[in-house]
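Please read the structure below before turning to the comments.
All chains are identified by letter, namely A, B and C, in their written order; residue positions are counted from 1 within each chain.
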Amino acid sequence: MNATPISDQMAPDFLLAVEGLTVSFDGFKAVDDLSFYVDENEIRVIIGPNGAGKTTVLDLICGRTRATSGSVKFKNTELTKLKEYEIVRAGVGRKFQNPSIYDDLTVFENLEISYPRGRGVVGALAFKRDRAVKERVEEVAQTIFLADLLDQRAEFLSHGQKQWLEIGMLLIQDPELLMLDEPVAGMSVAERKKTAELLNRIIKDRSVIVIEHDMKFVEDIAHKVTVLHQGKILSEGTMAKVQADPKVIEVYLGH
Amino acid sequence: MFMGYSLGELGSIFAMQAFAGLILFSVFVLMSLGLAIIFGQMGVINMAHGEFMILGAYMTYLTSQLFQAYLPSLNGIYFFVAMAVAFVVSGALGMLVEWSMIRFLYKRPLDTLLATWGLSLIMQQAFRSIFGAREVGVELPDWMMGSLPVTDTIEVQINGLFVMGLTTLIAAAVYLLMFRSRWGLQVRAVVQNRTMAGAVGISTERIDRYTFGLGCGIAGIAGSAFTMIGSTGPTAGQLYIVDTFLVVVFGGAASLAGTIASAFTISQAQSTMEFFMSGSMAKVLTLLVVVGILMLRPEGLFVLKVRR
Amino acid sequence: MTPAFTLRAKDLIGVVILALLLAVVLPLVLDPFRLNMVGKYLTYAFVAVGLVLCWGNAGILSLGQGVFFGLGGYCMAMYLKLQASTPEATKIQSTPGIPDFMDWNQITQLPFFWVPFKSLGFSLLAVVLVPALFALVLAFALFKRRVGGVYFAIITQALAAIMTILIVGQQGYTGGINGITDLRTLQGWDIRTDSAKFILYFVNVTLLIGAILLCQFVRRSKLGRILVAMRDKEDRVRFSGYDVASFKIFVFCFAAALAGVGGAMFTLQVGFMSPSFVGITPSIEMVIYTAVGGRLSLLGAVYGTLLVNWAKTSFSESFPELWLFGLGGLFIAVVLLFPNGLAGLYRSYVEPRLGALFGRKRPAAPDATPAPAE
């Protein structure tokens, strides 16, 4: 981390620099000339009404959707040119909105597949389930409250447990930037509390971008909040500043 | 290879070749329309599509036999009755198949493919058992025989013209039905959001059944039209299935206009190449080019960029 | 005993039972003619076993496996044909020393792509590599562009059609609709005798058992689990840092190479190769072998192949017109009623009873009852 983004000499060492990011589908600009910067160890929450382009922003960063124009720099590497798996290997992890796990595999196997070794064809054929792998899987399983269910087929987990499992699959990759899309959506109150606790533990030592609707949850964890509206940034800053912004109130409370 | 032809003769050859291409185009469009509806709108692969066409052809054959036996005086119009019979029989069988088989497999498209292949084998054998293994042909009414001289050296067959006219009519009818009628609106609504369509009171099951039936019925009409330009055998359906699927996929599965454009491209390419090389090599080259383009542009030639 | 160990032991027992059946029981009870027929069926089992990995595990349905079977078979047939076309054996031709069908088609020189097939070593390599390379080109183009599911199935089917038309049309180079026939010797060893057929049967069984063990190794490796994971949630695998396409390419090429070996063994045991094993119909029939056996079971695929072919032979002998009804019904029934095929039936009905017999609890197999792939 010694290079500095040219476009912003004031603040050094951004982990992620999004500049002029635009994507249009059939002429409709889902994300429009978006720029924001995420520091190391920062927890950034993106909020906004439905259709504001929140999930699309994550899609653009992780390469699921290709940008029409603009740039996404992660540790000064341009991500918009990379393939998805290269972006992951560069250190960006992404959790999907609906729990995205492998139903037919056990919890152990789900985690093992995410273990960052043997990712090529030959590597995967030669992959051995050695002590290091087992220990790491067990350690992560402990963190995500699934230590007793390692041999369970993932299909039979509860909704909340599936969300945790996917978070665990990201943890085992140890990404420098973690992107979570509505991690507590559809959870019971108890699960929600446990998840907040889990997130608070895992967000140490890495930067996190979270999309979330639950304002109490946002208040608890956010360092900085970005409000999106119709593909553009409406407001950005601390939770208190954003909540006081008349433009935000207008969008959320109506006309 | 142009040695020995005068310029005028060459022009005539190209014109006749283009006309042959237009007939092939009509055939492709007729075959593909039904499939484009079923595959494009429902995402279902019906491998028995060719057999539904052959069913229509056999229905036409039966009707012509009946007219010859009992109503020889009305022989000039039997074909219109036959088309209706073909549409109804193929469509009804299609709805039966949807009800008994397809509806259980909507979430398993690859399995649908295998099951409908099984259906196609059963239909083929049924045709063979009922109508015999030999190819059958219908007797064209007098007004459809012969050809119209356009110039001294160019003439066009009336049955070919008839098939082209028929194709235009059917394509227009399908367009109106899918994009200008309330029913078509419901079909498209179900395609785009099944849950929501159900929630606003559209019976998605009924829409599925009728859509599938319509696709099969159009296949029946296509088969009926085939009898005008060729004979029918129990396994003739299989010959067309690859072409038909490629036409639909090449055109971009969800677009009717794309299907027609792609039918035009493929048929013209094939009939033009047939002039320069053997029929089998023309076919191989055409198919290879289509597959090659699909490799480069898998979403088909005529689709807009949409959000994934 | 960990579940994984039990599974491995169970798999091995299954392979041993199959090996005993094929290598001991059948040769003892069948006459040479029937045994050769089983040998022919078993060459299709190579395709079926490959499809278990490709379709069952990875969810890639290829309707063009006949192309790879045929490529392997033709590579072998070209070598054998050149062996049979010595200048002495063909001296009545206008151009001696080239295959007879070329001579009939007024070809006067061995085409360049036939020349390397004079060497046995090259031909054996080609049996595996030609199908695999062909599959590589196709898979690379399609999977890198994320073509999958029914589109992939349709394109592979189109290729099967193209290949047939090409082989039939290019009679002078391929032998046309009749294929490459009248094959006699392999390095001077007459393959038409009963004893040669007997030996080839055992070669075939050995290769098949080897192929099954190899597939088991692949399935037990992390790669096998990645294939299953991809079938479930392709995007999750991609965003776990894997190049999804390369895994699909691998498994498709692997299945193609297996099919090629099967084709070569077919040529050796049956004595000819023709386009009727390449086209749409044989290709999709090979899928039904796997489906009947159970798309997730390697051993099931072998039994499915034997069963369907046995039924086909007996029906075609006595009630030829019923066979297509039967086969068509089989396609529908296996999809609608038994999506996990024979192996699924075995696991639900036979195994629990066996387990009770030996007083053991049934281990939870990870691939026992997954939903059929889409």
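Remarks
By our rule, contacts are C-beta pairs under 8 Å (C-beta built on N, C-alpha and C of every residue); 3 or more make two chains touch, one makes a residue touch a chain.
Treat the numbers as computed from the prediction; the structure is a model and nothing was measured.
Relative to chain B, the chain whose mean Cα position lies farthest away is A. Remark: the per-chain Cα centre closest to the mean position of all protein Cα atoms belongs to C.
Taking each chain's centre as the mean of its C-alpha atoms, chain B lies 33 Å from chain C. Centroids built from CA atoms put chain B at 48 Å from chain A.
Between the CA-based centres of chain A and chain C the separation comes to 44 Å, rounded to the whole angstrom.
Contacts with at least two other chains are made by residues 64 of chain A. The touching residues of chain B, when paired with chain C in their complex, are 43, 45, 101, 104-105, 107-115, 117-126, 128-129, 238, 241-242, 245-246, 249, 278, 280-281, 283-284, 287-288, 290-291, 294-296, 298. The touching residues of chain A, when paired with chain C in their complex, are 62, 64, 83-85, 88-89, 93-94, 96, 100-106, 109-110, 112-114, 116, 118-121, 124-127, 151, 153, 166, 169, 173. Residues of chain C touching chain A in their complex: 3, 218, 221-223, 225-226, 228-229, 231-233, 235-244, 246-247, 250, 364, 366-367, 370. Residues of chain C that touch chain B in their complex: 55, 59, 61, 63, 138, 141-142, 145-147, 149-151, 153-155, 157-159, 161-162, 165-166, 168-169, 280-281, 284, 287-288, 291, 321, 324-325, 327-332, 334-336, 339, 372-374.
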